[in-house]
Structure formats: C-alpha cells, structure tokens
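I've put the structures underneath this note.
Next, two complexes with subunit A in common: one pairs it with subunit B, the other with subunit C.
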Partner chain A sequence: MALDGNAIGGMLLEIFATDMTSAEATCARCGAVRPVAEELVYLRGPGTVVRCRRCTSVLMVISRVRGLNCVDLSGMEALEVKAASD
Partner chain B sequence: MAGTALRGRLTWRVATVATVADETDHVRTITLDLPDWPGHHAGQHLDVRLTAEDGYSAERSYSIASADGEAVAITVERLDDGEVSPYLTQELRPGDQMEARGPIGNWFTWEPHDGGPLLLIAGGSGVVPLRAILRHHQRTGSNVPARLLYSARSLEDVIYRRELDQYGGSAEVRYTLTRRQPPGWGGFSGRIDDAMLARIAWPASQSPLAFICGPTPFVEAVAELLVARHYPTRRVKTERFGGA
Partner chain C sequence: MTSPVSRGFHRRRGPAGAEAGKLPPGQHATTDFPVLSAGPTPHVPLTEWTFSIRRGGQALRSWTWPEIQGLPAETVTVDIHCVTRWSKLGTVWRGVPVRTLLDQVGYDAPHVLAFSDGGYTTNLPIGDVSDGRAWLAFDYDGQPLAPEHGGPARLLVPHLYFWKSAKWVRGLELLDRDQPGFWENYGYNNYGDPWREQRYAGD
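So, the complex of A and B:
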C-alpha cells in the first residue's frame, strides 16, 4: 500500500542535505505540481519509488547499491527546493 | 535557525531512554535523552536505528510526540508481527540506548504564524504528531481556534486520553469510537463521514488549515471528504503510515 513522501524524509535529507518533503515536484507526464510529502511512496519494492498522486507516473526512484545512493529523477520536469533563509 | 542547523547535519546520535510510560495496552511513550539535539518542530519525525549483537540492524521512522522545546519523545504502537515495535514497547528500559537521527520533515508541521483555524484529524496512532501540534498550540498561547477529531476503535484505545480530555477553550478535542462505545457514550460513533465533518470541520470560507494523520485508507477517505467540502488541496496536509 502506498505511503507518502513524509515516510522518506530521512532518506531524502541524507541524500540532498536539505528538507525535501516540502520541495515541489512537477510531474513530467501530467504537469501536476505537489510537495514531495504529498506524493505516493512505495517502500516495499526493490528500491524506493515515488509516483505522481494525480497520474501515478513514476517521479523518482532511489536505490542503494553497494553503498551508493542512485537517484533517478527523470520522471520530474522540475524539483523546486526552497533556499535556506539567511 | 533550526533550518540552518539542519542542513547537511543528519547524523546518527546515541539516544538514551529517559522514561517509558504506557499510554494504552499496546502503546508506549518513550522519552529520549539526546545530547546536542538541534531542536524540532511539532509534526516532525525521528529515525531510530536498533542494532543487534550480531550486527543486524533495523531502522524505523517515528513522529515526535513532543512540542517544540520539550524533551524528544516518541509514542510507539506495538504490532505483534513487527520486528522493532515489540522491543520498543515491551523490553526497552530507562538507561537503554539506541541510535536516532532527526529532526526530519518540514511539510507536516505547524507554527502559530501558519494560522488556521486548525482542523486536526487522527486515525489511531496518527494522533501522535497532532498531539505535538496541539501541545505547541497551547504552549505558544496561540489564539488560532483548533479542533482535533480523533478516531479510535474504543475508549481504551485512545492514546493521551488524560491529556486530551483536559483541552477546552481555543482547542477542542472530540472522539469517534468505531468498534465499541461505553454505555451512555456521548461522543461520535463509527467512521468519519460527511455528516460528522459537517459538525466538526470549519467551513471552507474561514480558510481552515487541516492536518490528517493515520493509516493510508483513513487518510485518503478523510482528505477526499474535506476536498468535497471545498477545502483547497494545499490546505489539507496529510501523513500516512503503514504497519512495518
């Protein structure tokens, strides 16, 4: 069953070194824009899969292979991350 | 300040159990002593890592049960077929250690300047981050009106009941009991539906801010009902969990 982007906040923070649950993802297929926290997340497969909540197209795949985090972002047209305030 | 402290600083720290307190038959709150904790916001998470003597380790993510500025606490529900929760809820003692990292997640959080009125809707142990938000609301003396609608199987399954029963004034708490109601029960019964929300949910015209937390089917159903009541999707923040 799908969870949501809140469930992978730690993994994303480890990889991107900034909070990504509030980052805005634009689906490359349907154009829907949503915070990563609100997207569909599947943890049970090989690798972690993030899908668009509107059209279910794959937005992001994260796999950990021999100590390397491999992140495929090709399903997103844009990923907007708020800059840290000074 | 917390934002800058967070950047690139997600490191595992050794957490020492300060206190354990049973909330219900199968739910326990664990307060952690975490030196150098950078602070957290109500609604954020913590990752916990347990490592066995043979080196096998398991990680889980838990909502932080305490408000900004309070000692870090997590509330854990025992899943009988779980790998981690039986240990945390039955065997862990004060003085025991585990690894923890956080705080995690800036989306499912609330600060007084985010406004409201606040509508908090919890299914089962989904009440944990919403309790942190309610405590933060009270501790900051916010005058934003807040309502928590908490769906539990029975009164015995209500987590934080003593604390939640004390709310009143700017923060109201209502329960709906889905499986069993005590004799003379005056609260709601059954699953959350549109008729219940008609009595609890602020009208969309007041631009309420909603937080829903619970198992996936619960969250999907309630979010759909709120959107049907013309809540903009941007004002409906959701968090789902599954048994693992």
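So, the complex of A and C:
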C-alpha cells in the first residue's frame, strides 16, 4: 500500500539534516515536479521506495544496510530544497 | 576511525517450542502475512497474462494462463523468511515447479533474472530454481493468490529471503553473466540465504 512523502519526513530529516518533504522533486522519466510530501512511498519492503505520483517511476530508494542509510536519487532529474524562510 | 553503531538494538530471546530450529538467526515468527511491495499493485487480465522464459531478450517459450494451469502442479507447505526479520511458518502454496518450465526449453545458462509487472527484478543461480525448490505459485492457503501478495502468480523460492520470491512474476531471463536485480542493486545480498543471515552485500 502506498503512503505519501510525509510518512518518511523523519527519516529524510535524519539523512539530509533538513526538511525534505517540501523539497521539489523532478521525475527523470516524465518530468513531473512535485514536493516530496506528495510523492508515493512504499515502506514495507527491504528498503523504502519513493515513486513519481504521475508515472510511478522510481525516484528515490533508501536502504538501511548495517545501520547506515544508503540513498539513491538517480530517478530524479532534480531535487530542489527550499531555502529556510527565517 | 569510528564504525557505525545502530542504537536501540536488542537481541531477541531465542524462540521456544515448535518454532525452535525452524527460525533462521535474527528472525521472529509472525502469524499474519505482511504485504511487501516496492511499487503499485499491477492488474493484468488473465487473458493477457503470459509467463516467458527468455534469452537475450527473446522469448524461447511462453505459456498462457490456461497452459500454466494445465501443467502438473504441486501443493507445498513451506516456511518463508523476510529480510525485514519476520518469518511465517507452515505456509501452504500451490504452483508449478519452475523445473517443469525450464525442462520444456532446454536451458544452459548459469543464472536467471526473474522479471515482473511493474519492473521488479531479482536474480538467482539457475541451480536454485531448477532443482525442485522453486515454484510458479498461483494459490495461497487454498485460494487464488491475491494481487497484493503477488497474484495472479509469483515466484516461490522459500529457501532464500522472500524478496527473491518475485511478486507478479512474468518470466525468467536466462543469463550467462549474473546481473543484480532491484534490491540486490541497493545493497541487499546477491544470494540471500536466511540460514547464513545473508541480508546485505558482503554478509
């Protein structure tokens, strides 16, 4: 069952040390641009898979191997983090 | 140099009773059947469904759904082990041995890559699917395999971690050179023997 990107907000914060749910992901396959919070998330596999909500192509895979997070972003054309507005 | 330490790790007490000896290291038994998916559930009509054995991208042989149903099937009771640390003991499946399908094409490759609807792949040595320990399974617990569990048909290779039992499987590609599948590309073990706790690359 798919969740959305908010389900991995904590995990992404731990990995990137900044809020990534508002970051805009550009799908490398179809070009759709969306905040990570709105993408499809599959949590219940060996690792975590984030897919494009429009075309379901894989955007990001996070696998936790021996306590280390390995992140693959090659399914994205771009990942733009919004500058903090304070 | 520091080494990564995972916090909050507590070794589980060993299993007792009937479970003793049936659980590989680091696993615990569950009675439900968690759904494991890396993507959306595909829905292919059975009239369009085929299972193919390919070489170099060319189908050597394809079977339609009625053709698969017409082959001798086996009912097997097996324990399944997921790398996310749950095991489910005594699961009952019905399916056609992969050996039966391979025998109809005359294969000579050392490896296979299983491929599925939705793009999932996983690799296996040919010996692990050709020796009667792997099935193309289409019933679970006496019922047609539900889509969320990989129906209409999935690979069942219970002696390896369950990500090797590809859901929604549509065929096997025969390979001269081993090629990692989806999770094998992301740091999971190339072979995945639960009894040797081969969870990650290098285990």
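Keep this in mind: the second predicted complex is superposed on the first by the 84 of 86 C-alpha atoms of A that agree within 3 Å, B and C clash if a C-alpha of one lies under 4 Å from a C-alpha of the other, contacts with A are read in each partner's own complex, and residues count from 1 in each chain.
What we mean here is this: contacts are C-beta pairs under 8 Å (C-beta built on N, C-alpha and C of every residue); 3 or more make two chains touch, one makes a residue touch a chain.
Keep in mind it's a predicted model, so treat the numbers as computed, not measured.
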{"item": "Which of subunit B and subunit C A:L68 touches, first, second, both or neither", "value": "second"}
{"item": "First, second, both or neither for A:L3, with subunit B first and subunit C second", "value": "first"}
{"item": "Touching partner for A:D19 - first (subunit B), second (subunit C), both, neither", "value": "first"}
{"item": "Partner chain in contact with A:C55 - subunit B first, subunit C second, else both or neither", "value": "neither"}
{"item": "Partner chain(s) touched by A:V33 [first = subunit B, second = subunit C, both, neither]", "value": "neither"}
{"item": "Contacts on subunit A seen with subunit B and repeated with subunit C across the two complexes", "value": "1-2"}
{"item": "Interface residues, subunit B side, partner subunit A - complex", "value": "3-4, 6-8, 10, 45, 47, 61, 101-102, 104-108, 216-217, 233, 237-242, 244"}
{"item": "Subunit A - residues contacting subunit B, complex", "value": "1-7, 9-10, 13-14, 17-19, 21-22, 35-38, 43, 84-85"}
{"item": "Parts of subunit A lying in touch with subunit C, wherever the complex brings them together", "value": "1-2, 40, 42, 44-47, 49, 51, 56, 58, 61, 63, 65-68, 70, 72"}
{"item": "For the subunit C and subunit A complex, residues of the former touching the latter", "value": "4-6, 34-40, 83-84, 118-119, 148, 163, 183, 186-188, 200-201"}
